[in-house]
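Let me begin by handing over the structure; questions about it come next.
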Amino acid sequence: MGEEILMDIKKDYVLSKLRDGERIDGRKLDEIRSIEIETNIISKAEGSALVKLGDTQVLVGIKMQPGEPFPDVPDRGVIITNAELVPLASPTFEAGPPDETSIELARVVDRGIRESEAVDLTKLCVEEGEKVWMIFIDIHALDDDGNLVDASALAAISALLNTTVPAERFELGDDFPLPVRNLPVAITSLVVGDKFLVDPTRDEMSVGQRLITITSDKDDNIVAMQKSGSYLLSEQKFYELIDVSVEKAREVRELLKDI
Amino acid sequence: MGEEILMDIKKDYVLSKLRDGERIDGRKLDEIRSIEIETNIISKAEGSALVKLGDTQVLVGIKMQPGEPFPDVPDRGVIITNAELVPLASPTFEAGPPDETSIELARVVDRGIRESEAVDLTKLCVEEGEKVWMIFIDIHALDDDGNLVDASALAAISALLNTTVPAERFELGDDFPLPVRNLPVAITSLVVGDKFLVDPTRDEMSVGQRLITITSDKDDNIVAMQKSGSYLLSEQKFYELIDVSVEKAREVRELLKDI
Amino acid sequence: MGEEILMDIKKDYVLSKLRDGERIDGRKLDEIRSIEIETNIISKAEGSALVKLGDTQVLVGIKMQPGEPFPDVPDRGVIITNAELVPLASPTFEAGPPDETSIELARVVDRGIRESEAVDLTKLCVEEGEKVWMIFIDIHALDDDGNLVDASALAAISALLNTTVPAERFELGDDFPLPVRNLPVAITSLVVGDKFLVDPTRDEMSVGQRLITITSDKDDNIVAMQKSGSYLLSEQKFYELIDVSVEKAREVRELLKDI
Amino acid sequence: MKGDEFEVDKPEEEKLRKDEIQLIIDGKRLDGRDFNELRPIKIEAGVLKRADGSCYLEMGRNKVVAAVYGPREVHPRHLQEPSKAVIRYRYNMAPFSVEERKRPGPDRRSVEISKVSREAYEPVIMKELFPRSGIDIFVEVLQADAGTRTACLNAATVALVDAGIPMRGLITSVAVAKVDGVLVLDPMKEEDNYGEADVPFAFVIRNGKIESIALVQMDGKMTVEEMKKALEMAKEGAMKIYNLQREAIMKKYEAIEIEEE
Amino acid sequence: MKGDEFEVDKPEEEKLRKDEIQLIIDGKRLDGRDFNELRPIKIEAGVLKRADGSCYLEMGRNKVVAAVYGPREVHPRHLQEPSKAVIRYRYNMAPFSVEERKRPGPDRRSVEISKVSREAYEPVIMKELFPRSGIDIFVEVLQADAGTRTACLNAATVALVDAGIPMRGLITSVAVAKVDGVLVLDPMKEEDNYGEADVPFAFVIRNGKIESIALVQMDGKMTVEEMKKALEMAKEGAMKIYNLQREAIMKKYEAIEIEEE
Amino acid sequence: MKGDEFEVDKPEEEKLRKDEIQLIIDGKRLDGRDFNELRPIKIEAGVLKRADGSCYLEMGRNKVVAAVYGPREVHPRHLQEPSKAVIRYRYNMAPFSVEERKRPGPDRRSVEISKVSREAYEPVIMKELFPRSGIDIFVEVLQADAGTRTACLNAATVALVDAGIPMRGLITSVAVAKVDGVLVLDPMKEEDNYGEADVPFAFVIRNGKIESIALVQMDGKMTVEEMKKALEMAKEGAMKIYNLQREAIMKKYEAIEIEEE
């Protein structure tokens, strides 16, 4: 009950600021929170990255092991992306099998990596049709202060950039760096009336889950898109969102160059 | 609540008609509803059939793939029968893992096929002890207006009659028709007092789930039987039910000859 | 409700007797209930034992089959211990997947067997890295009148002593007795204030689940220990419990010599 | 077949090729029984302390135990019925009860057996005497050798009486099989595996008379005439089991009376 | 990969190597369609007796059926909403609907499709008229050939109208793909598998006019300009589907009227 | 072993053959520590925004984070206790925290650890102050290197204090192992894998004094005398950890005070 009243007050506040073209934390409408990326923090993993997007924190770990390829792509490695929204990260998360939110999160992140062909999977074939490298991308949310998607996508590509294929451990030759050749970046916005807020915080989400994520790659191609939430989107807004998302992704991508 | 009252009214109506030896839809006590069988409607499946039994509709699809035989019958194909009572088909079905109703349905249909030796499983051995054909019979209920069992059993044998073993797809020689050599037919009756109604509709089932299914084969052998429901059955009734069921199965079996 | 009041009355009774240094069934504080061990009662199992500890009854069956070893111990057999607290055994048990109580039970029993090296697993290698014997220890509770842990542990080691490796059935040479070389015995006590009751009955447990299990082997080594229940244990009590548990285990172990 | 992902309806039910084994030799069955002879049966009532009623039963090499709890409160509450007791019946096999270890927990076969067994008891138990209550029947198969569902039903009946649950009659169960072309009573494993048909029956017996059929299933192949003959054979067998059930119950009560004296 | 323990996001979504197959030949698609041409569509309303509304729909080789139940009571009660109806949407594939048998039950892909589809309908259905009620939309894919989510949305709309659920507009859905470097409407399986991108859209259409986007997803690779062009192409296609939806609905009502005369 | 269907109690607990590795060389441990020396410990309180209390802790190569939520409402309601708070404790390992990827979700080992850890806190937290409420302790193992349950307990204590949950004392936890015949404090992975025994303890410390044992488990092989010595060794180690826990808490509060000035 108290929680709901609090949400209503927050919502009113967000909306009243927005009427003046402002955000409650003083950011510009298209401004992304400060980003910190820390890589290689889990030495047991083949790659890892902790991303702090404002107060939102996500840890991604990469594990690799040999496995069988899919029959229809017998010479390519396999990517498996999984997200655990552990109850540590938010009072609204509950222990249990993945629900639709965590499945959607994992799949949207996965599509960005997969469709941008960020990892050169053809270099991950050990023996055609028999054995290829499997890449497990595990998204572990630690603190959800809004926009887990962008933080997770950023942590995923950061961790991949930081991954060493553990060939020696499996007696498959020398270790080598995971061949990463593209840098997809997801940009999520909250649609409110005729405006939209890039990289919304949890407080801003009190106005409703009216989100769209647009992921673009190093050549400004769109590689994944997901409208998420019960709302209707105008064509005009859709066009604007695409342009802004590609532009903001370029900004964020700069950070990946230092990894 | 309203639902329960409605059921009570239906029940009274069914019983009052029955006192005059009549059924609410004008059928004779041992009369089966009109039957339509449409085969080969799912081209992605190895075999398929849609059965309409009055307003009850069941779709059965057959998929086949090579697999390992059971150790104790190393030279025979394997039948796996599964029923999904999807919530689309009835307001009383719920999404989720199979409950006792759908398990019983699948197993009763399975026994009819299996025990009549409808499929010559010895012709489905690829390599003894190593590789045999697996037949997946998937029962997909679409509209449950009563007596899903008979409709499912009829759709299953119809789909099998219509099945081509996809040997080419698995590089195991030429495709060939599934060797079907018997035609089991299930007849379900609703036991009400000292009478019984063959092929009950859902409205008739308002008097209680007092069912018995008797499946017989082309030689009038009984191949499967299942009393289903919380009631007691007299010996006299049991004998009558057997005789009527075998007779009605013969009628229905005629329809299979055109497939 | 009535259940709770009854428990309160029992609790008061247990505590009032205890103030006089007595137990409600007349036993001494460190006295174990009468024990009956019956082995080889399930001829379909490779080994089996029914243990009656007072009115508590547990049946353990051992099944064995060849399987793959763990990669890091490629030349040793594998032990898998499982406990089913079937609702037949107690009004408080419910059907369903193992809960924390049955998992803890299985794991505490498992540790006693495993850590005492009761079974010589090196003699259960068929082909290094490829095939070893797997031992399934299935604990099946029948009647829970308190202290299932000790009864289960005793039934497990009794059943193992009684186990024949079914090599012939799997065409792996002659059958041979399972090589058992140690006799772990678990002793569980209920901690009540500054006293403790060895081998508590269910009525005694009305004072709370304040248990500790100490398992020791034929050389009086401690091989497993588990404080179980929400309570704090003094160091002094801990020392006393160790000494008593080892001593009582020696008594119980005598019974195993006749198997 | 590895069967890792599918639950497969085998091999419990599938008839193996009958040419593999001859089941009737010189007019006798493999274990020397006559066609209409039951396996040895042992019944003991009241074997568990915690349960309200219980029974241990052996039928040939089958070993089963049944427990009854109730009438008792039903949780969760929305499962309660305002005007009668809710009956539950759970048939479960111990992992070590069969040749190849059975994974713990219910499979499709045990779900079906639990359903038809519960439906056998529902019209017999006087549910209307215990509104909002639950009566739980739990049966555990400790060792299986064909006919476990009939053994469990027989044990459950004794456990129900031991628990003092009022019933309109006793349930007694036995199967008839067709092997090598003849009908045999109470088939054991080999007859079930290699036989041509198996028909488990359960009857309601009141005042020493079979009144009706509470359970009937069948798989295999039988003519209509054989099926009718099978019913007669089963009825004869059931009467013998019924007497053993009564004896077990009386023995328990005599023991109590002696104790109480 | 055996994939026994992991649910893997493949192969539904993964683009296969485009050099394996040429998808555009002489300016036509493999099935002879023009770039902006829909597959043949067949829609029939009111095909199920038990459901409150229903629809059978074919879109190329896709065969789907949709049913709507409600407004009706919501169980369990704590899922009720005091001021509006709760919408459920369940997308499910029959095991035999795809080349390799699909294990029954929801996988990650169908959970996601159900979510975004539900979210498309939620702002369109007049939920506020049915407090504490539930409106359930169930769609079954009987045969799949790319674009099942769009086919299901189109069928669900007709089923909702058939059930008499008041809506602010109709949902119409179609995808645009990029294959061999060009945009094509309503891709079939080969175009989806070997194409470069796939963008399913759903629109709200009111009074014959597209008002807004109710669903959009995308995977693949497209320039910003292509994406904008894709939207225009989808809008044209959607209007054609919209007309077919209306026809199917009218046909059903004409049939009823004739019947009633 | 494929282990696809059985959850197997290995290899976390199984002692590997000790002859494979020499763990004590020249009176020092493999990482140069003395027998009674802890691994380096790093503790930081208040690292998460959403949680009511939190703590990040490293203990050797273990990296864990703990969060506390509550006192808060308990859902579903029937789990509430009328006169006290309900404590939950969830120990969870990230899939990438161990050498071989761990399947997400609870396994038998983590269920057991969660149980005994919860039971350690229950008598210490002043539950009676918060009737009908829930206090949830969530610990995530981000990297594992033996002793994760002790590291998590130490982190949980700091998170509880950070959340302002009143307690009768602080819980501090450390293990003692037996390796190459000697007792060593706070074993790391190699000592746990190849050692002869492992005894995790947790103590209640109040006013700088160890008052009682809140958790003790053990697996391996030890004499009675060794076990008693192990307890003494653990107590010494626990006092050092206790001081680090206090420091971390104070540092957080100093930071707040500085901020507030």
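Per-chain numbering from 1; labels A, B, C, D, E and F assigned in written order.
Criterion: contacts are C-beta pairs under 8 Å (C-beta built on N, C-alpha and C of every residue); 3 or more make two chains touch, one makes a residue touch a chain.
Remember, it's a predicted structure, so these values are computed and weren't measured experimentally.
Asker: Can you name the chain that lies farthest from subunit D, using the mean of each chain's Cα atoms as its centre?
Answerer: The most distant chain relative to subunit D turns out to be A.
Asker: Going by C-alpha centroids, which chain is farthest from subunit C? Tell me that one.
Answerer: Measuring from the centre of subunit C, the most distant chain centre belongs to E.
Asker: Using mean CA coordinates as chain centres, what's the subunit B-subunit C distance in Å?
Answerer: Between these chains, centre-to-centre, one finds 48 Å.
Asker: Hey, how far is the Cα centre of subunit D from the one of subunit F, in Å?
Answerer: Each chain reduced to its C-alpha mean, subunit D and subunit F end up 50 Å apart.
Asker: Starting from the mean Cα coordinates of subunit B and subunit D, work out the distance between those two points in Å.
Answerer: 26
Asker: CA centre of subunit B versus CA centre of subunit E: separation in Å?
Answerer: Going by mean C-alpha positions, subunit B sits 31 Å from subunit E.
Asker: At which residue positions does subunit E touch at least two other chains?
Answerer: Within subunit E, residues 4 contact more than one other chain.
Asker: Of all the residues in subunit A, which ones touch at least 2 other chains?
Answerer: Within subunit A, the residues that touch at least two other chains are 82.
Asker: Quick check on the complex: what are the subunit E residues that touch subunit A?
Answerer: That would be residues 1-2, 6, 8-11, 13-17, 108-109, 111-112, 114-116, 118-119, 122-124, 197, 199, 204, 211-224, 227-228, 231 of subunit E.
Asker: Show which residues of subunit E lie in contact with subunit B when the two form their complex.
Answerer: Per the touch definition, subunit E meets subunit B at residues 48-51, 61, 63, 65-67, 69, 72, 90, 92, 94-101, 104-106, 136, 138-140, 142-145.
Asker: Over in the complex, which subunit C residues touch subunit F? Could you list them?
Answerer: That would be residues 67-70, 72-73, 78-82, 98, 100, 103-104, 106-107, 110-111, 114-116, 134, 212, 217, 220-235, 238-239, 242-243, 246 of subunit C.
Asker: Please give the residue numbers of subunit A that touch subunit F in the complex, ascending.
Answerer: 41-45, 48, 55, 57, 59, 61-63, 65, 82, 84, 86-91, 95, 97, 136, 138, 140, 142-145, 202
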